[in-house]
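Working notes, beginning with the structure itself.
Labels run A, B, C, D, E and F following the written order; every chain starts at residue 1.
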């Protein structure tokens, strides 16, 4: 393959410039299957800020991950060429300008049908990502792991914040909500009305209590049923995980999921036609022993494994 | 309702004076259904101290919670008027004096049949709380979540410490131990004799191994069976939770429970006749990302939801 | 006095609702000499964010401070009535809207010639504070402690960020720069041109190397010379202090000052005609043992002491 | 018994010199059943270092544990005499020299058929432990809890590191791999070839996905089947636990196990003929609230309980 | 010498049981010049608690210190036999009982004219230390480094807390206050009256502003003048140091002193007739990189150096 | 210039791949004046390990530094082309092999008379750096900032550790010790003999007590006197700084220096003929708010400024 992770047999994993998995840092998109992209933007966060340092933290501990995925029996770089594309530009303090930067930054990747694996940043980032995605693919299915619906309306009279990217995305026609699903939702709400926002937009919803009851294998089946053969975008808010597994995030919610649960579901989605991925809301200031960033890095490697698995098994 | 949480649509959740849920801070008890009360006292702790800062830490992150509880389908402040009563006085370094302060502080609340939701402080605080409770209601059932029995005898020849509030409470006649239950007990003991202390006082006991085996729904049923229609006091030692979920506590015990387990049990107790609640032993010096304090705050919101649910469904 | 700090002889300093010094929380401005105001806003920060939690952190440890200032021989509440006014509203993620909120929030205080002692938030907050100030008093002197000039131009094509409040303030006519002084400036710059921005706007400048050489007493004399009898606004960026004394800040600069240096200068300014104060850029996520927030709280108590000293000695 | 833990009824658990459980510190091996031994060595760690401070951290919080094990119904010091033997010597920076120190340090213990309960240190320490063990007992069964196989080959052309103690041990004839089992393995690998290293050496392997599916009771049964009545050595890499339960370790892997799972398996192994134990890879620099060290200390107390249980029930 | 620190040429400094400097742990007082004693007691702390873990933290990093003091040109163990006496008993939660324990614990040491070097614990511990001291020596001079006077009266109607040991000591006749001096005092007070408490008891006082002005050499001269040839007790509250140097303490005060300042003064006191020493108020929960505990350990080694210097130069 | 730092006017400083100052990462040495080189090696550390993560931590916060140095009035990249050369290879756990890697890694840089600015790693790294240096330049002067002499002999019978690089360097003829100076030395020693090791090798020595007395300007003059016009290598152990300024290091010593002191001395050395620099012993696991790494990054920018200043003023 043209681009691969650094060989840890040649230099220790703690050494070298910290790109994701110590892959090549380049913006040359020739012969590339997937591109890791950082989106260091947290201006739209409503509570704790700091996820602008998420991409750095994830890259830093990504060197602990390895290229052969024994659960899917696939070696990522045997089948794929992958790069660290660096960070898209952002304009700290200015949401709309940053959204434009983000969409512009991802557009060349989507245009070449390279699969972006983005690292937020707060969850608002997914909106401009989806704008770039839909420009190439039209409305896609959304596979959305989160403790929050993120389909609110305006806040303090302003249009954008990290609690409403998916109402915007639905209303802008970027999503096929009838083939989209939100998984893991929990925690209190401002009113009963909030539980209707997603269904009213057409989303399927699996609340955390249901997920806990049916288990991760059944959750993965539900996702398959909803998404089917649609082109899809997978967005993973790290607060889907329980605060014990992911303390380093902006708006943690208790009663969440283990990383084993998340891995089980994600691995089972390997055959879906996913054209873009992100992991968002890693705020390293609140983390311990980098466990939150490490969870994010591992999920990203699972996403890469999807891509390799499909190339191996097609 | 006369008193409600601040409206997070009007000011961001991270702003303002940090009362619990940014409710009104008042000691006016007219038209009040429940009162959050801080008990910043840790002089009776036998190992790590620091839970005197528990109430501040819990208030600080309580602003992340929200008033509509989707699991119980109830909006707390649609049915209830609730306040932050502030902290009761304490005399740091002096246990007996502080106990008197605590009992005196809670008495007006119990007298008006307002439900106190107290935040410790170490677990010794529950003894003077129960003294105020029993003065109004007579002996009550105890619903006790903990990793420790807390029914020891004297320590170093002195009567009081955070390991023995419930032997005192039982011996003082504050409890109907035959309708009381201790849940989640685990960890080593000083001798076999320690396992008999609670049964000898009449308490029902569900050790952690049993809880893990039967699951939270069955635990909730056991509690229902024991407590029935008795008036009850619910005390939640945060070390019931596993150290992964609650590292910020004085005497953590491995092999504990997730917050999902705790939420499941607590929600199922909504119909019991509980006249007082507390959460104790949050020691923020040992916490990470405030996850322990956040668990405590969320449990307190579940307690409020009990009260609202009963008003809605009576 | 009408409003004073809580009496720590009546309840321990770690207890109670955490207003600043446990003063009364009120927005009633009758018979008030100074008002502590929180400005939880960090959207304009260019590097580390998190100072939106600055006011909470400062209030939390302000209870360690005490009302009698032995260096100025004055008991604050013997001469002054002071309140915690709470936080002004902000619109997280939107700078211009928040600036309007901040100006509106402070206007009633300035209008009544009450002296606001504000807690940021990032340094951009001082611009809307000065707008409220100048509306009442006209252009004022600025006494500016900082490691950065904060007189830059636009950034990424956008007008506002925490590196340029004072070029805006100067250009808007809010300041009499000829009677204004910046103290403690140090660290690298993007180009030599940056050293001319403040002088070109008319500010007097004392770089850190000069301050270290002449010592704090001489620095205070320089400030007196520049400010004279003008009405003045004192703004204290906590990164004036060395990172060893204030690690919890957004853009720390080595080679800074001790808290003793800062106290020495600030105390010597007691007789200046200062109509407003702020302390900004406390980011508690990066702090240890609350020492940064504690430094901020102590500086605020010195500001209060100025006010009391003038009332005592007029 | 000749040697027992300090009596916490006589001095508070936080006081005194921090030997393990405040047992006697001695190197007199007369009338001793088990000896806690520290191995402060981390030179062979491939990623995060710092486990040289593991023994200190584990001793420090071991005082929270207690001598009566209610699950096994045994009081350790009623049946056993146990000591803290101190730390074996090591030569920081030099692996082979340190290995010799470690083997020499443990030899007198094994020779007297005292059971060592060692605390690493990185996992390479288990190799010289096994050299001492096999010198007395011949090849033993290995019961190996870990997220990694630790059966790699050389690294950077050098023979030893913490990823390959068990290929050395197998090749040196220290183990009966046909009666040995590795449990909990997970995470990515450098290539598919890595999954064959352990089976090729003869080890039985239970990967984490299987363990999660069959549950801890069934895992314990598998271990019984493999080990049977062989003399065995139990080695517990703390990264068997999930990062949420054990963030303080060198190479954490998500998707791991709770402490309840670990306790359940370990308790079920009480009747096996285990002649040596260790817990390794506790790196306190990355821990929070000492939860990782506490898990290690508790596991060690379970190991002691095995020994006491066998003496009680033989 | 009979007892000395472990030889770091034989085992690495991070290894072994953590007594102070890895000296022998014994309560045999034959042929002993000084004894390190832990006093793990913090029940009398008025704000942050946690100094009960101070002795453990100080012992833990004391292994970084070394026995030859180049400033005094003396090798401690060439002239002195020193031991770690362990911790005195305490009764957590009960001040008076603990005071009796502490006095009883130190009495045998003073009786043999061995010099105790104690580690608190909160500053109240010095009172029972002085009771043991005066029983042997009669009233002594006090050399008191602190940011607080610690000569208050009762608090909340109770006699003892860590803010008043020296008013008790003076009133009990344990001190010759006319030959006693308090150094480093600073920070706010509750009222002007507080500044008179110490002078009224007869203490000499050097406030921090004076110390900063005259420098450490002159401070040492002042101490010499006051103390002269009296037998003296030196008590060092770690909050004498600036919070940047000692964040891990209960009631930090800004505007403090560097460790270089402290070392300079302490070294200059080598020829005084000091019969007992302590360092108090190290609260490791608030520390970073153990710098507070390390400062304490180094000061204790300076105290040992005094003793050795006197033996060398007598 | 061919290679420069990223322009922070084009992308925020927190974004992008974290090379030092976001300079180009390349190993192409054409048209390069200085090269930043990481040496992630800590196997020779005698106490705390972890400085293998030093280069990552320093790069991470180096983005806070800026290219124009107002004290020297020079814009680095106006006069210099500089690169981040990445990390040299190391063999974790094996000192001699790693030394060879380090020497080999730096040789091409020295050969082209490019000035390396290396980041350790423990202080042993300087020995192989000097081997590469002397191969090109012959014996050089050493300008050595440290709290330790680092001229010990073997430890535990082994030749190399981070306490003896300069006895090796002197004995190997890599240094002209008569033109070399060690500055800032302090702390205890194992014996008086240790104070003679450096003088016996011919080094000039300025102990910390002298440095504190004469002040940084005079220290710089001493260095000038000793070094004169010799080619020199400057090595800066971050523990030269006081623990308050640099807690994140392996063997901190109290009584140290502020960053202002260090900056003052280093800036005054701008005209010396320094052919190589390093900063060592940053251990980020023990840091707070990155202040230690930030100090290191700023010192490195001062070193770059030396090079630019000489090009500007030659």
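Simple rule for what comes next: a contact is a pair of C-beta atoms (placed from the backbone, for glycine too) under 8 Å apart; a residue touches a chain by one contact, two chains touch by 3 or more.
Remember, predicted model here, so these are calculated numbers, not experimental data.
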Same-residue or different-residue interface between chain B and chain C, half as cut-off: same
Whole-Å gap between the CA centroids of chain A and chain F: 40
Euclidean distance of C-alpha centroids - chain A vs chain B, Å: 37
Chain D, residues touching no fewer than two other chains: 12, 14, 46, 48, 52-53, 92, 156, 242, 244, 286, 288
Graph class of chain-chain contacts, one of line, ring, star, complete, other: other
Touch list for chain B against partner chain A, complex: 8-9, 12-14, 64-71, 73, 75, 242, 244-245, 258-260, 263, 288-291, 294-295, 298, 301
Complex interface listing, chain F residues touching chain E: 46-48, 155-156, 187-192, 194-195, 207-209, 212, 242-244, 247-249, 251-252, 254-256, 286-288
Contact footprint of chain D on chain F as seen in their complex: 42-46, 48-50, 52-53, 91-95, 97, 156-158, 160-161, 285-286
Complex contacts: residues of chain B adjacent to chain C: 10-12, 14-19, 25, 38, 40, 52-53, 55-56, 59-60, 84, 86-87, 89-90, 92
